[in-house]
């Protein structure tokens, strides 16, 4: 018998955003049962729906599990309580029962009121300030002893993504654009986004892998930066090194970008590029002294783009601008993410996953890689805002640049 | 003790084409030993080398194995005999000890003279005509009872590929052009080949997969055909069906090529396309009656391109022009291959492997697929004439078309 | 204004099988609107739900499109009519507006009654016999002139898949089991299925690629056949050839299965294997004469397994048992599929897709391949019965065999 | 005219290790020419060969390029000079013309004598001590101002790899073992290596990716460590976190390792695992306090395995034992590499590439990944000591463990 029960409510576009069926699934998958007590279905597109139901289980523990899982679908438990919290026992250590966040908008109930939790990001803790009715998400490592950390799951609710009704590029969402689908159309839509974000002074982030330079597409990315389509660039030691090597020696990993052939003795060029910048002191100084006069790094520096080069254990050198402490690099990346509306992740799994971890669900993401497994990993965000393109980074950038040059589309009245 | 021995000679660019080291490897790998009796190394680029050596093994059988393997490197056994042959015991059945061919130029010794074997292709039998001093390679299934089939390995020699010294596109040979290398340069070189072959009235074959149409690149291939860059097209039921569907309904597998979205009820379009052509009788008749007015199939028919559609067990329908008997399809493909200098294999593994099986080693091959495993399989021909491109078929065709439009490069004096 | 409207009903587990939200999506995606007129939500697990709604659109054509799409979700149009039909104009040619089937159970309304359509398979036509109140699905190519073919979409309804509630192996459904998930558990569950199907005298089909033999796993598959776990095997010329080669010469494509090294002269072994069977007349005769005494082919013949070898254009030889006409091969495959409950597709894309095309939605499918793209293609059946395993075929078969040997699990009371 | 020339010599197994043909290739590819002045070919297996030739080019610069490239093949320039060197201008900055190392054994000529350069590793600088006749390779970042760094390429020679003649597992070298080849044989050979290395007290390193734990193979790796087959483990935050999560909660990323299903609320388990260890202070302390009682981390600590956890920018947490500064992590990895004879790289690209960068050419490497592109990248070391296995990590470890348990093979007289 399912003797233990609780009443929960769901509200919003819970049918057409698939919230309700997911909730039903969850209850039954976890061995519970439910009775729908009340149900109002929005009759049309812009009407919300509402469901109230009694959820039952065979034990208190089972019921807790189910409620916890329903919470992730946006369910609100009828018996409303304030969020519980405990002080962090030490710097960087959380109370045992800490609540771990999702990348969805989240609210906590403080003093009887629902309060928005700031700085949305996955797998963080929530630090609350009951006195100020404030709450924010904080990486575990940055929590200070004594700060009040949300625990359990009462008084916490998340707002699941609601599917947009208008047809746009991200309505391809939910499944990757495989190598067999027409990419031209998608690329044109991304170009259109670049125009729109630039026009309204918004921010675009490119997470850039070294293959961009290695495949000869560096000048294309440099041009997009120079023309103001990119406000932040994340990468690693490799793209910086390849880029400088290509500018100083015309090679990438010793292979000529003019004719694709290995240059004799060219294997040392990337080490020489690193040494040159180390001698100069930094990329910034190399640009200032006229040593570095073009390329992706040059354009980032000249155009005040937020450039974050995060180190990794496979780096040679590294370049002096590379942040070798990964925790510090994360802090700098988080800061540069403020206001970013669109992220292009191109041919780099490590830095793309790192970036993806820090994004809230509502940020638009385009992940481009020739490896379908990478694209799946990056684009599988459980949201309607990620678009995966299984394609060639070089040819993608070439086509994107062409599409950007063709200019923005004239505004059309939105689907009357 | 290695009591059994034989003298063999190797001649030609045996050092810089890596024939000699391969031969040494082979002998030692198979447990034999060798004494170099004579060795003349070509002093420079255009001088051939010559090696004579005694090969020894512990048994007659081992020695036979080694000689057999050396033969594949072009070694000639000093004690020259005529090729042996036996009559085929029945139609399509070979004598037990039949010689199985490689895709390299091959000669047999008949009446004391070396005779070129015609119709070079891998895994075939050699049918000899001693009376006429002739020999040709024949598929096992086509050998007629009583025809004289070469057996054993005496009196047979093959001419291993010799590496070209001039720098050209196919000097990228031997390794794939991965997704990380600059493809623009390679694509320009292929475009140049298309110009040159067309200028001299040569033949280019495109082996075309359905993803070409599905990804929206059909019109690009159609244009290349219309402009005379393609003389033969091999494919299957799928590309024909997708192509006709795209022309009649604007969709490919029910997905609109205009906006990339699924068309309601569109899943039946490919069956309707097949039905329409079945009703017309054939693609040819559909073109003649004005039913089919554009597309890849249309251009093939209008421009007298050799079109071979080979059926497969996964086909729906199929289209009436599809050859459902795979043996008959092979015959038609072989016929269409005469004079082909360059083969572009784009996004189809089945038909590309089938084609590759029929090519002699000297035919140039470009294999394009987004899956590295497919490219490796297609481009790994043991020759210096295959080039594998791990990239996106749609974007590849788009860039190739742009490069072709840019026109041929002016002739330059070779290697100034 | 959406002036054109129609009333439709949906019934069954339409919420937890996600039928209703999919229907809402569809209406809005196609630019229509809806009013929910009546809605009864099943209160618990075993209660069906019911929805009645008015669907509206701006034109008759738009409304038709929407209704057509809703039909695929199982919607029934309130104004019930009999199915319409027209005679086929010629052999193998359908009336223009023919209905193209899905792989889901389908009914047509004949003389006011709903009649089950037999032989469920995707992309076929429905031939009706109003006099006998019968209907069956028929491949377009097999329709005879004058047979009555269903047209339009009135009086046709399909029964969408309803998600099973019990937890079983196929509850991993809907997403692939990637290389990062524990495969041991899934493999044990498949072994359990093999035990259960054998115990009840059911039928299991293995679609087998040549890599099974090439990787040394041939003896494992042979053992499963010998022990009665397999009732049908589909493959091509390659697996038959590799298998015979491995039995006669101990090699696969010339590579020794004992030590993994290339055997000198071994490249001719596969041609010799084919020639040997051609001389014997057939695999059957080679088994009878004692020429072939073990292996996958041998066990198929000895154990009366339904063996279908379907030819392809890339085949060498081929083996005399290979059906070179792909249309005839399809007919033989269809016949062998009767009663098959479980299909294991192992390391062969061509034959697996061909088989998948012929399966009804309720047949359980396990697709095993090391290439994630292949697994996605095979396992993406829009049903809850397909399971994709991105893994190594050899090691998969080895583990499966171990799990089978461990014996069936004792029956447990369901969901204690 | 090629007026500029120099005499060079090559010595050793230069024909069967393909050194000579590679040298010829190089000269001609770079537009030079050569005259073979003297050539002695080793007559048999154990005799070295010798070649002396005059290399010519059209300019001094061209000739320099050719000589530089020949040096990489082991060529020695006849006019022997001591190595040149210059002081490092600043900490971590090299003189402009610094020599960048390969991963092959290298010698420098100091005071007229050839001196072995210590600590072989790719892309490093050579610091010389003429007073002590010593030289060692040093990462650029660790060079101190004033240290004497080798520049140019005179007086430096490398010893190219010579192919082993005996047949062993690594004679599969040079090409990957694809998913289609029998892996059982290779796995048995690796097991044999593990036995041999353990027997002689050698060192084996496992570079371990999180998928090992995630796929349920953690206990297998733990057992190999416990039984003394592994002396060092490199990994990242993820494998440590997954491992602890699996020991504390029975899940990996919230998925139960018992039944493969997602545990309700399980998404927080990996953060809870990290928090638990942070509270304990370190993995070491968690083992000491009895908090952590099994698993890969536990066995490493209990068995004094050299464990290096190198951080990356995508890490959550991280675990307190993770070295977040990538430069420091590299130092610790280099230290742990001393004496390592065999490296197993399993399902981790980042840490495997990092490790590969630090290995000298003579260390044996087995790279296991299901992605062929990763295996190619890891196994393509230009040596005869790397073996790539395209296969499933979980099933690989399972089979490896079985093969290890089967015991070592009895010693056989080598190559009877």
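The first chain written gets the first letter, and so on, giving A, B, C and D; residue counts start at 1 in each chain.
The rule we apply is simple: a contact is a pair of C-beta atoms (placed from the backbone, for glycine too) under 8 Å apart; a residue touches a chain by one contact, two chains touch by 3 or more.
It should be emphasised that the depicted structure is a prediction, and the values quoted were computed from it without experimental measurement.
Participant: If you walk touching chains, what's the least steps from chain A to chain C?
Facilitator: 1
Participant: Please identify which chain has its centre, taken as the mean of its CA atoms, farthest from the centre of chain A.
Facilitator: B
Participant: Using the average of all C-alpha atoms in each chain as its centre, how far is it in Å between chain A and chain B?
Facilitator: The computed centroid separation for chain A versus chain B comes out at 45 Å.
Participant: How many angstrom lie between the CA centroids of chain B and chain C, rounded to a whole number?
Facilitator: Distance between chain centres: 34 Å.
Participant: Out of chain D, which residues touch more than one other chain, so two or more?
Facilitator: Residues 167, 373.
Participant: For chain D, which residues are in contact with chain A within the complex?
Facilitator: Those residues of chain D that touch chain A are 30, 65-66, 68-69, 89-90, 92-94, 96, 98-100, 102, 123, 140-141, 153, 264-265, 267-268, 270-272, 274-275, 278-279, 310-318, 324-327, 329-330, 333, 349-351, 353-354, 357, 371, 373.
Participant: List the residues on chain A that touch chain C in their complex, please.
Facilitator: 15-18, 20-21, 24-25, 28-29, 31, 33-36, 39, 41-45, 163, 165, 167, 178, 372-373, 376, 415
Participant: For a test of understanding, state which residues of chain C touch chain D in their complex under the given definition.
Facilitator: Interface residues on chain C, with respect to chain D: 167, 171-172, 179-186, 211, 214-216, 255, 257, 259-261, 370, 390-396, 398-399.
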